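Dropping the structure in here first, questions after.
Going by the order they are written in, the chains are A, B, C and D; count residues from 1 in each one.
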């Protein structure tokens, strides 16, 4: 990845800062002829918005997206497609920053918050824009969610959905997993009984001026076998990079992930049986388990692609912490501005978006090299 | 990454197959004027060789590397540098395959091993080279280790070392950690007391014709602050991709990794204090902990870069497993050929090598954009 | 290059369309700490503006640029640098489209102008935005000129300047070359005596509703030896791609260019002599000629980099031409809208800008790989 | 392009030096299932071999290519395809260097040949491999020709052919153009009457120990409309970079090229008429001329893609030239080794090969983004 872009055929470049006038992205390589309205993108941004619920940042952002290029509609196009379509040329999106109170950050103009990228940016560049965290801020991810909305259009037939599986030390009970539940609460929780447990935990954390981490799981259903390429174009490697690039991510695993280390070969191998046409099963092997998380040898197997991302506790905490400033003097720091007790919650739509972008790219690259959506049987 | 290459300025392209006549790599962008002999590379390959110890594959490979281009020596160079040096032009390396018994794989010419990439390669390409696992084989990693040896030359002042921290369900005791121990046993184990435990476990696994997973931890000491770039050039994202691309990897974490999710903000934040010149501490903050694993906001902090990679159990197991063949018929499969009970052991040098390549690339990219090894205080 | 970006370390992504609300670019990899105001960019855009003089398009565009990210200023920065500086993070620029009369193009909604990319876009994408030429329009180049302004900041010590050397069949007299002249006329002509000749030619062309081609020459003075890399990173190859990507470009040559074919080896070789310190000549060979155009083996020699770009006559002409429409019917086409008799005139600032971007990228890549601005004696 | 690779989906990495033991290339992204034998590649290398005819280097190189990976054959594959096929995994090729007399170059170990890249390599890297010109040598192009052979397999239905159109000051008469003639002489000349003129010229040049330049024209027939992408993925920009990267290239033009500058808009526009099914013309416009050289707006039109490359006179000449050495002393240089009076002759197969690689890449990228070989009518 270059600094500002990722992907190869379906390529996303994001720009803009949390406290600049706007932020946006450019999606290049999108196939032409796909129906695309700003509303198609807005719906995904709204899932992500801060201000929803007590447990996310109190900052108010409408996150209204505008499409500046790459789509077209006239009477003929409307008659043929029903609305604007992608032209195949780069799609530029822009989201205006509305609520940006920079006065909250003056205290740390010369200090390094120990939970933040202040020191590293300063060490690298020698100059640092300390307002609102600049690019390191989670608001940059709005652009990613917007790009992900376009990627989903490319991935017709694929469903991508994420859920939180852990907040702090509390994990969901996977035996009670219900995807529909994630739409019933503000925490993307798939286990109804865990929701009050998490809410109590977050309330306590918020009151203490502290923060807590989380683990997000994402699943992509309907990915055919054959996406990804061996060695360095591996689908899991591309996913790992995309997910690790999300603000506050500290770990990525695929399928059984770190638990694989303790499995035996027999436990880990996903056996196959023949499909049953009578049961409506299409051609290709039917897997009896999915420890692999849908990826083997860097290529999709046709099973659900499953990954998990670990998010560390939010950077902005209200408890004073030891640090130093640019002059090398020891100080104590705490911020008084907006405070997000668990950034992992809002990361769920971002995890989905990055997964969508990586899959869209893998799909187009596969189609480019091989010509068909998937080969094999 | 393209299929066959990774990196941006320090760019590595590997080629060749396990059962072809040779395999190799090309390293592009290496700075000129670095001393480099084939022996400098060979030492790292020898650490990786199969055939060392009872617990790795019984295949005998001398893995002799030859440098085909990119280094130069004449009398003047010898007088000035002491031996051959890199010219700055691409360095091509080649390793001949000596011991490749393809007869072991005839049984699976038309069958899909459930623990292997057979099905995915066939689904993607419609044709499959089943001999020895082709590119999916761990032997491809010899080329990576060779590239890593060159990367280490670029990273003068940085020490990169890996250790196994878990085999099967057995983790090391971190309170007894001694890096020197990793050189005293064949398992890269840093905890002397865990070695016999692992040996017993592996013996049992081998006798049962089974396999077991592992977790490898890598540490890079001496990385200055400032390497990596925000958003999509993040050092941890690049590391994640590189490490996840290693054969059998299923998870990558940085610093506290997945454990971050359960930490509070106060526990997770690495506080800083001022350096003590009297104690020989150079300028820049001294961190009081390293939950971050040396990377914040995608940029190195100056602390050790610490990552962990989870490896699933080896693909080749001797217990029959259910599968299907290309005709869709149900079969049982077991291989009789060479059998590696724990591929994670030999992955340790590969983890080091990939880490070295990513860091070398990040160093050159930083130097390119900013001009100095690191800015800041 | 991907579709929407070019460059490797100094990477430029442009977006937007001629008849959308705005267009812009993102420059990634710019070194930090460089002084940069919107005015620094505006001056270069103003040189390019349509509406200057009778001979360019009558469209009125203020081309006001805004910097949305990547620069920062507070009291300390102002005190230290004198104004805003680049932060090292991506720089997003935006230029609003003010004057966009789309009604001029309705006639060709379903027809393919034979002098335009209408047919090729339709053949490729199956859908076509015919308004104003979309991305194929010369207005997209405003974004390039903006990026070039930033590149010039990176290239302190290098002067980049372009001149027209030919309009239609009329070439300048190189014995009368005076760079200062290019600022005295609207045609970037370095030969005062040729100006009236060109003006007459253009007047006749404009009245006839026709168009004419041009050749632009660019020179970069102060490029040290050592930029560019052999084989596929060659500076001349990168320049060729960047210049050929300019709208209407049909040929690129370096130094003696196509005339090299007719030279003998003796005539073509640029001999060298030793520098004369008494005459203030720095170390390194002094070349006695510059047939090479400043590049040998893909690497800069330290001499001026010289290239020429040929531009075909403008697409929009008022004489009816034979063509077909999407239904396959034969038609005659002529446009009534704005009409640019010689797009090559306005291309001069774009040629400079692309040259600046390529050189900035080569400089950073060289610095990344080798560490010093240039090696050698 | 990175230093050592070019292309995006169909990606070529070359390695090796003129005086090392071997050189080779890796082709990544080739579609699977294409028939490929070493003989298919060898035939194109043999067209390029030095030693054919009096007018090329007297060096004797069998240029035997070996395929090390990326193809596969067993009984089933043979029955289905007729022989080995590409697997879709990277294809590694190697060509052994047989005849490499390095003693010819000792004189210039510390001197800079004014016609060569000696000074620039030294300036860039501080160290220089002077034997045989290293990577700058024309022998590196053998690897490109090999890659081009594979690209041709991807481009079934496309014919790529090159001819010399000028040697020294002598141009062919285009009215006598006969492609079949290029196979009847050693100069790739399409005009039988020009051959003796060129032979006399070359004989005189060779005897004088001088060298002469050339212009090569390449044509790709059968390229459908739609390949290439706007702005920076332009087919002509990619071609320009690829062709300019060939050793000794100093100019590239497409279609009418530099002559476009003197054309009027009416002369330059390629008019279109409707196809005549009765005459066997497929759908899509029929162009009445091809000033565009088959590319408009960076995308192929369906007409022949036509480009020309100018080559400067060969570097190695036998007349003493002024230069300096590393110590800054003035010297005279002449080489006594092998001497190629016109490198442009052997460049013709290389021009074809690079054109093939660029087109194969454009084809796969188009197929990846859009899904069909070409859209439109």
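Definition applied: contacts are C-beta pairs under 8 Å (C-beta built on N, C-alpha and C of every residue); 3 or more make two chains touch, one makes a residue touch a chain.
In this text, all values refer to a predicted model and were calculated from it rather than measured experimentally.
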item: Joint neighbours of subunit D and subunit C, given as chain labels; value: A, B
item: Contact-graph distance - origin subunit A, target subunit D; value: 1
item: Centroid spacing, where centroids are CA-atom means, of subunit A and subunit B in whole angstrom; value: 26
item: Length of the line joining the C-alpha centres of subunit B and subunit C, rounded to whole Å; value: 44
item: Between subunit D and subunit B, distance of the C-alpha-averaged centres to the nearest whole Å; value: 38
item: Overlap residues in subunit D, where contacts from two or more other chains coincide; value: 2-5, 8, 29, 32, 88-90, 121, 124-126, 135, 230-231, 366, 370, 375
item: Subunit B - residues contacting subunit C, complex; value: 8-9, 29-32, 88-90, 229-231, 364-371, 375
item: Subunit C residues touching subunit D - in the complex, by the definition given at the top; value: 1-6, 8, 14, 112, 114-117, 119-126, 135-136, 140, 166-169, 205, 210-215, 224-234, 236-245, 249-275, 283-285, 288, 291, 293, 295-302, 310-315, 317, 319, 321-324, 326, 328-330, 344, 366, 370, 374-377
item: Sites on subunit C touched by subunit A in the complex; value: 2-5, 8, 11, 13, 15-17, 20-24, 26, 28-29, 32-33, 66, 68-69, 72, 74, 76-77, 85-90, 92, 94, 109-110, 121, 124-129, 134-135
